[in-house]
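Naming follows writing order (A, B and C), and every chain is counted from residue 1.
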C-alpha cells in the first residue's frame, strides 16, 4: 500500500453531457515510469488536469503519497446529469488549487509549451523556486532573504547544467529552439522539487533523434532526482522504450493496462488505435 | 401607487435609452471582446451634433445629419483606433479605447469651450408635455420604450435572417474560423460599429430631449450604465442587454424616488459587482472555459 | 547590475535630488516649477503603483482614483487642526472627530518635528485604509478576468466616490463640501523624497522573488499556478500593495491641492494615470516616472500657451483657446498608443539607459557605413 505514490480512484470528469474521463482507476508506484496512451481525444490531458487540480472531477478521488488530496461528488447540474458508477461513494469535497498540489510534490509540463515569455531561461527556472521560498514580501523586498536567494540561484544553475541549458541561461525562453524549450519546461518543473513528474507529450513535434535523446534524458533525471514519472505520449518508440507500465485510455475509459510487451499484443488496444471494421 | 407611478414610467423610459446604448457595447464585445470605452462619448457627441444641427438647419435635415455623422464617427473610431491593433494583446485594445474616449472628451471640450450646450431647439412633438395619470411628462417618455422595442426587433431580424447578420453571428462565435471561412471580418466589424453608433444616436436624440443641456461628460455615466446593463444581461446577448437596461433604468428611478439620489449611480455599480461575482456571464451569457 | 550601471543610477538620482533642492532654495514656493515638481512626484508614485498592478502583474485594474480618494480623505480628516474644524465642518457642527494627528505629535515632539511626523503618520493611515479596502474588494473582484476586472474596479471607485459625498457621513467626510485648512508641505523636496522612497520600495519588491512571481502570473497564469504560485494570494498581494501606495499618493495629492473634494477623483483621473503609464512603457518603473514628469511639465507649463492665446510666439486666440492643450495632448497619446506601443522605455529601466544610448549610437554608425 505504501508503495504507490499516486492513486486515482473512480475519477470521472464530465463537461455537460460529455464524459471526458470515465471512472478512471490507476496506481503508480514509487520510482516507476508509467505512460498514459490513447488516441487523440481519449481524455489523457483531462486526466492530468484532474490529478493536478486544474479541473475538479465530477466524481472520484485522488491519493498522493498515501494521503487523499482530491475528492469530489457530482454537484450542481451534474447531480442530474451524472449517470456513472460509484455516485454515492464520495461525500467529501476536497479541491486544492494546482499550486497546493505542486507544493505537495507533484509537478507537470504542458502539451502546448507554456513558458514565461518575457523571462530569461534562468528566471523561468528561478521563478519555479518561488514556491519553495520561505520569505514574505517584506523580507524579500528588503533583501533579508539573501542566503535563501543565493542558495536558490545556485540550485538553478546546477539544474541548468544537468539539463544542458547553462550556455543559454540569459537568453529569452521563447528564443530557444523547440526541443530546448521542452527541456526547459522539464527543468522548470524539476525546480519545484517534485517527487512525481507529469509530462504531457514531452516529445511532441520532435524528430526521431531528438526523441531518442529525450528518452535517455527522462531516464537520467528519474535516477538523478529519485523521481516517479507519469507521462502522456504518442511516440511509441519512447513509450515502449522507457515505460515500466502503460495505461491505455479510449473514449475516457481505461481499456488496457500492463507492461509494454503486453500492451503491444493487446487486441483491444490495436482496435482502438486502428479502428474496428464493422463486419470484423 | 400614485406617487411611484411616474418613477416607474421614467424608469422604463431611461431603461429604453440605456438599451439603445447597451446594444452597441454588447455587439462590439461579442465580436472583438473589447469594452468600447469610447461608446458613451459617441453618444455624447451625437447629443452635441443634435444641439448644433437643430439650431443651424431645419429639423428634417438636422436629424438625419445627426444619424449620419454619428455613424461615421463610430466607423472612423474603429478604423483608426482598433483595426491597427487586431493582433495586439487585449490590454492594448482597451487602452486604445480609453485613449479615444479621452480624445473625444478633450476635443469636445475644445469645441464647446467646456460650457454645457443648451438644447434650444428640442425635437418637436416628442418634447411636448402630455398628461399621464395626473402627472405632466414629456411625450418622449412614452415614445422611447416603444421605439426601443421596434428597433431591437428590427435588429434581431437583421441578425437572424440576413447574410450580414449570419456573418456577425459567425464572427462572434469564432473570430479566426469565420475569417478562414471567407467572411470579410473587417466589413463585419465595421457593420457592428455602424449599427451600434446608429442606435446610440437614436438614444441620444431621445435622452437629450429630456435634458436642458449637453455637456462633455454627459456621455460618461449613461455609457457606463449601459455597459453595466450589457454585462448584467450577459455580454454578447442582445435580449440580455435590453432586459438589463430596463432593469437598471427602473431600479435607478425607484432609488431616486425613495430619496437616495446620491446612490443611484453607486447602486448600478454595486449591482454590476454582485452580478460579476455571482454569475460572471450575466443572465443570458454563455459560459466560456479556458483550455489548458 | 554592473558597477558602471550602479554608478550611473546613483549619479542620476543625486542630480535629480540636487536639482530639486536648488529649485526649492532659489525659487519661491508658488513658482510654477515647484508646482510642477510636486504634482509630478505625486503622479509618478501613483503611476508606478498602477504599473505594479497593470504592467507587472498583468491585472488590468482601473480603481486607482478610488484608492487615492481614500488616502486623500484619510489625510485631510486626520490632520485638520482642532480649532479650524468648526469652520471646515460648518454644516456638520464641527464634525465628529475632535483630534488632529499632527497636533498630538506636536505635544510630544515639539512643533516642527511633531507636525511633520504627524503628517507622515496620517499619510500612512491613508495608505493602510486603502490597502484594507483593497483587501476586502480583492476577495471577490480578483477572480474576474481582464476586462471584467477593469470594469469592476472602476465601478468600485465610483461607489466609493458616491459614498464619500453622502450627507449621512458628513460629520467625517464633510459630505459634498470641501475639506481644507490642513497642513501641507510648501516645498517640492519633501514630495520628491517621499515619492522616491516609496518608488524605491516598489522597485526592490519587483526585483525580489515576489516580483518575479508577479511577472510569471502576467506572462502565463496557468503555468504560474502549476509551478506552485498561489494565484489568489499573489494577486491580492499585488492589489493591496498597489492600493497602499495609491492611498499614500492620494494623501500627497491632497497636500498638493490644498483642498479635498470627491470630484477630482473621477475615473478620468485613473485614465490619465493609465495613459501616463502607457506613455512611459507598461512594465517600466523608470518609464512611469519619466512620463509623469514629462506629462505634468508639458501640460502645466510648457504647453500652457496653447490654452491662452500665444504659443511659441504665435498669437492666435481663436485657435489657441481653452482646451486646445488637452486636445493636442490626447492626439499625442493616441499616436503613442497606436504606433509606439512600447512607450518611452518599453520594459527597460534606468540602469539600461547607457546601453540603450550606446545601442542607438552604434546603429547610427552602422547606418552611416
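A few points about this structure:
Here is the rule we go by: a contact is a pair of C-beta atoms (placed from the backbone, for glycine too) under 8 Å apart; a residue touches a chain by one contact, two chains touch by 3 or more.
Remember, predicted model here, so these are calculated numbers, not experimental data.
Among the remaining chains, the Cα-based centre furthest from that of chain B is the centre of A.
Central chain (C-alpha centroid nearest the global protein C-alpha centroid): C.
One inter-chain figure worth recording: chain A and chain C are separated by 44 Å, centre to centre, where each centre is the mean of the chain's CA atoms. Look at where the CA atoms of chain B average out and do the same for chain C: the two points lie 32 Å apart.
Averaging C-alpha coordinates per chain places the centre of chain A 47 Å away from that of chain B. Contacts with at least two other chains are made by residues 222 of chain C.
Listed for chain A are residues 54, 110, each touching two or more other chains. Taken residue by residue, chain B touches two or more other chains at 292, whereas all remaining positions touch fewer. Contacts from chain A toward chain C in the complex involve residues 52, 54, 97-100, 102-103, 107-108, 110, 114-119, 123, 126-133, 135, 137, 140-143, 145, 149, 152, 188-189, 191-192. The touching residues of chain B, counted against chain C in their complex, run 33-35, 80-81, 84-85, 88, 90-92, 94-96, 98-103, 105-107, 109-111, 113-114, 220, 224, 227-228, 231, 262-263, 265-266, 268-270, 272-273, 276-277, 280, 290, 292.
For chain C in complex with chain A, the touching residues are 201, 204-205, 208-210, 212-213, 215-216, 218-220, 222-232, 237, 241, 283, 347. Considering their complex, residues 54, 60, 140-141, 143-144, 146-148, 150-152, 154-156, 158-159, 162-163, 165-167, 222, 267-268, 271-272, 274-275, 278, 282, 321-324, 326-327, 329-331, 333-334, 337-338, 341 of chain C touch chain B.
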